[in-house]
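Structures for review follow.
You will see chain A twice below: alongside chain B first, and alongside chain C after that.
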Partner chain A sequence: MDGFSENIDPSRPTPDGLPEPGSSPPVGPAAWLRDRLRRTRVMTGVFYALMVEYRIEILLWAVATALPLIMLGLWSEAAASGKFVLGPLDTMRYFIAVFVVRQFTVAWVLYDFEYHVVSGKLTPFLLAPCDPTWRFFLIHIGEQGCRLPFVAALVGFAMLIYPEALRGTEARPGVWAPGWGRFALAVLAVFLAFAMRFFMQYALAMLAFWVERVSALEPVSFVPYVFLSGMVFPVTQLQAQYGDWAYELVLLTPFPWMAWFPASLLVPGVEVPIVRGFATQLVWIGVFLVLQRFLWHRGLRKYSAMGA
Partner chain B sequence: MHRYLLTVGRFWSASIAAEAEYRANFFLALFTGLMTLGGSVLSLHLFYGAGHELGGWPWYQALAVMGVYTFLSGIQQTLLQPNRARVTEYVREGKLDFILLKPMDSQFWLSTHRISIWGLPDVVIGVLLTGYAIRQMPEAPGAWAAVGALVGVASAVCILYALGFILSAITVWVVKLDNATMALNALLEAGRYPIPAYAPAYRILFTFVLPVAFMTTVPVQVLYGQAWWAWLGGSLAYAIGVLAFSRWLWNRALGSYSSASS
Partner chain C sequence: MRVVDAQHIVKTYRVADKAPGFGGTMRHLFRRKHRDVEAVRGVSIAIEPGEVVGFLGSNGAGKTTMLKMLAGLMQPTDGVVRVLGHDPFRREAAFLRRIALVMGNKQQLIWDLPPAETFRINAAVYNIPDDVAQARVDRLAALLEIEDELHRPVRKLSLGQRMKSELIAALLHEPTVLFLDEPTLGLDVNAQAAVRSFLRTYNAERGAAILLTSHYMADITALCDRVVLIDKGSILHDGALATLVDRFAPLREVALKLTEPVAPERFAAFGEVESCDGLAVKLLVPREGLAERLPRLLAELPVLDLTVHDPPVEEVVGRVFAEASQSTAGAASAVDPDAPEPLEAGAVS
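Moving on to the complex of A and B:
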């Protein structure tokens, strides 16, 4: 992802956006908030434009994260036997929903951050009047904007293979519509799931201050994420097969809340622990954030000690 | 020939010496390999525990597919991926010029230059898992079935190599293609499970569009004597065809390569 960092300096004032350096700071909480919102909007716009340049890469990347669609081909056949927790229709919708959630929760901040630390390019960001976290976070949001058309295309492709997912089966006719309330909750849950995944990886990325190849550590969080998040199987299947202990054990980890929870919200008729879901997401974001801040402050001392 | 073998020996010992600097990586690779094994077996058990046989295959046969997949993924990480990742770099930075000047076949040089020992845990786990699954077979496979399965795995390695090298050759024209490799690997992940277990549209995709079925499903079926010799022939033909194509494409690519400085 090294190329993404070129020619971009988020602190540089733009004509319609950021204030000139040296201009008086905004006064009052409302002005402060307005200022922050404007900064966020401008930075996201800049990063979106930057990412559009890499749209073919992003298309390939969307394919590279299509594991839920592969699992769909396996589970749709299995669910037809009626031996599983989710029926045939819910299975199709669940895996398509997991695919969508996966697309909007991809994090690669670890690789970006590693590059910036190892090459010393983190230094200019430290001088900018804004925490580098924002830059890393918003460039992900910009990338998700570019991903939107490809996600729509791949979902359309899945719907061609499984038209029932959209229009319902004979046993359960009706268009796939989770209802506005549930849909709004799902959008929020997807965003929080992204924040969880991002800050989890970002906290791990801080180890780049101490080790040279922090990307070698990424599988330690990625492999359990793949298997326990609900991308490979719906977590509720564990409960049916091994009992409550297995299910509750997995729910104690952060992983199912990053995919299974938001995806289940998108499938009408599937029961989800809504309050617990949002509470758990917020708690984990807090944990990763505190960890990240702690490692950041310790690591920064180490970084400056390298002579940067 | 002797000169080539000697050079590969030198390449690999140099690579291993360089990688040995990161010794802790070995434990990481082993830990990751075991976690992946646990997750894969759990996912398989969720199907079989509920009484659904993937594509009508018995449990141990599906486990053998997973073993072959793990083995191939280890080979990929050890021999194929480290070299493939470099080709893009050589093209982008103009280092390909130096390689073309060497008194050695450039495709050979680019494909054997590096080895990464961190894929070895997966190779070992894959062999052990397949071996375990074979031992649980009701009767031991015949000698011909074993030979056929080994040929199938060998042609799977050739297909993997050739597909990767085709992508590398394309980088000569388009320069940046790292994500194409990622996309290919992600789609090949379907081979973790027997292909007959997939929905019909997927079976067509993973047999005729992408050769996933040839990688793991066909060798295991040959081993279990399910009379799929025609498939083995198809797998060999595919391997030879795609190897020849990678060779042809590389020569074309070099023909239009105009060096970094011109």
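Moving on to the complex of A and C:
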């Protein structure tokens, strides 16, 4: 029978007199970075494979979250009559962009974390030398990878219904192309918007250590998210309708930076505060992260008491 | 260096106390009552490298709570725990890299993917190179005879195959201390034997310390040199399995086959008659008097065959818990006439 470890020499004692560890931590910044990149690559790949198992559910989910496309239909007439803050072409492009942003900023960590706490399945995560946040975050990335072709198909379908969005109108001809620079900024903004949404929900999820059905609290953040994020109307509509105070007030909340900001970057004709947008996104991510860490350390003691 | 050094560990839970029925629900809603439950009461235990220690106790005795505190999932209410020189609850990476906890009722395998995918994640998390991880998986899978099942979704595996896969996932980083909570729970006899054999090999070749709780005495007798009996959060016995039998089983069972029937009263001089079925008789003889009585018995009775047994370990352990329970109940009933009945002798896990 073969020995268990290929690297153990019983005649070579370790400083503490115990068998050599079967794994070792990365030494040095380069090795640390390689280790984290490997973790990210492997976990994302495995979680993508897992999400492919649930592909039909994800397709239905993508279809069910098509609220922005519905809002496009509702606001089109207002835009055509000039009663909307955006023109008809920008309205079309804005809501299609919001749909795309929405697809890649969906977070469900609240439900996932609650399940892991209540069922005790958090235990194996706590016993590994890897913060569970990696797993919860990367499983979302895997899900987005699985969602990608469905989103492409749905955007293609929207383009069939609103072909002007792609090729332009008679008044403003030209293919929808935000430019490489703006597109790259939009991709970054979408990722940060996802991180905002994820960490906001993750911080809330920590209450699962105290409240058994923490998912019941989801509407607390979801309702303002729907109405203030730009999914129902661009937040600049508030400025046009109620004045600067309403607009500035909403910009103080995290919600417009989760959809309105990245979506506006994808629409060439729409002006958006780029520096303020990224700075605000980073600040909110920091706030949610600090809150999450605070609750995490306190909650772990409660988790033990719940039966681990 | 001791791998586990726990001194005077206490764990107290605060649990809600709700009376049944509508009235109880209303009272619980407006004036919640709690009570403290002492799951572990001043337990001290030290484990040396390479030791295999079995935790025995009835449900709720505090075995799993102890394992969880040693693995870092729980913080003791009082006392000091050091495992591999670390405070487990701090869950430092250097500590986590050298331990593993396998729970028979909780799994780390990803349900809808093959076990091989979980192994890939573990290899990345523990920073084990791909080729080394694959070699380890191959060896562990060969030992557990599960090579052909690692690429089927976990949900399609049998319970035994899942537990074997769990063990591979838990041992991929070759822990120095292995905590096992009911590792053979629900497995068939063959799978139980395979897991036991595997753990014996792992302990012998890797020099790892193993701390095990099990409902199956066969796990304990097959694997553990030392047993710790826990009852109501306190240690009743900590020592070798053989010592346990000597200490708590003062009688030996002497089975006789006779050539002709003998009147039952003639056995009284040798011991207590356990059963008498024609020519087959079983006597319970005090251990101390065995050497003196057996020659006499052979000389005075028409004996064709004679065998001497220790009583089954299950029976001994059951007796220990029953005695502990009786002494507790006795003390309680002295002040509380409504104290519960003592546990049945067979209620051993």
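Here, the second predicted complex is superposed on the first by the 286 of 308 C-alpha atoms of A that agree within 3 Å, B and C clash if a C-alpha of one lies under 4 Å from a C-alpha of the other, contacts with A are read in each partner's own complex, and residues count from 1 in each chain.
By our rule, a residue touches a chain if its C-beta (ideal position, glycine included) is under 8 Å from a C-beta of that chain, and two chains touch if they have at least 3 such contacts.
The shown structure was predicted, so the numbers you read here are calculated from the model rather than taken from an experiment.
Participant: Looking at the overlay, does A:S81 come into contact with chain B only (first), chain C only (second), both, or neither?
Facilitator: A:S81 contacts chain B only, not chain C.
Participant: Tell me which partner touches more residues of chain A in the superposed arrangement, chain B or chain C.
Facilitator: C
Participant: Report for A:L60: first if it touches chain B alone, second if chain C alone, otherwise both or neither.
Facilitator: After superposing on A, A:L60 lies in contact with chain B but is clear of chain C.
Participant: If we overlay the two complexes on their shared chain A, which of chain B and chain C does A:R301 touch? Say first, second, both or neither.
Facilitator: Once the two structures are laid over each other on A, A:R301 reaches chain C alone.
Participant: Check the residue A:L127 against both partner chains and state whether it touches chain B (first), chain C (second), both, or neither.
Facilitator: second
Participant: Between chain B and chain C, whom does A:D35 touch in the aligned arrangement: first, second, both, or neither?
Facilitator: A:D35 contacts chain C only, not chain B.
Participant: Can A:M43 be said to touch chain B (first), chain C (second), both, or neither?
Facilitator: second
Participant: Under the contact rule defined above, give the chain A residues that sit at the interface with chain B and also at the interface with chain C.
Facilitator: Dual-contact residues (chain A): 3.
Participant: Applying the document's contact rule, which stretches of chain C touch chain A when the two form their complex?
Facilitator: 1, 3, 13-14, 49, 68, 71-75, 84-85, 91, 93-94, 96-101, 103, 106-108, 110, 112-113, 117-118, 120-128, 132, 135-136, 139-140, 142-143, 171-176, 201-202, 205-208
Participant: Help me check something: in the complex, which residues belonging to chain A touch chain B?
Facilitator: For chain A paired with chain B, touching residues are 3, 57, 60-61, 63-67, 70, 73-74, 76-78, 81, 83-84, 161, 212-213, 216-217, 219-220, 223-224, 226-228, 232-233, 237-238, 240-241.
Participant: Can you name the residues of chain A that touch chain C in the complex?
Facilitator: Per the stated touch rule, the residues are 1-8, 10, 16-19, 21-26, 35, 38-39, 41-43, 45-46, 49-50, 53-54, 120-121, 123-124, 126-130, 301, 303-305, 308.
Participant: Please give the residue numbers of chain B that touch chain A in the complex, ascending.
Facilitator: 22, 25, 28, 31-32, 35-36, 38-40, 42-43, 46-47, 49-52, 54, 176, 178-180, 182-183, 185-187, 189-190, 193, 197-199, 201-202
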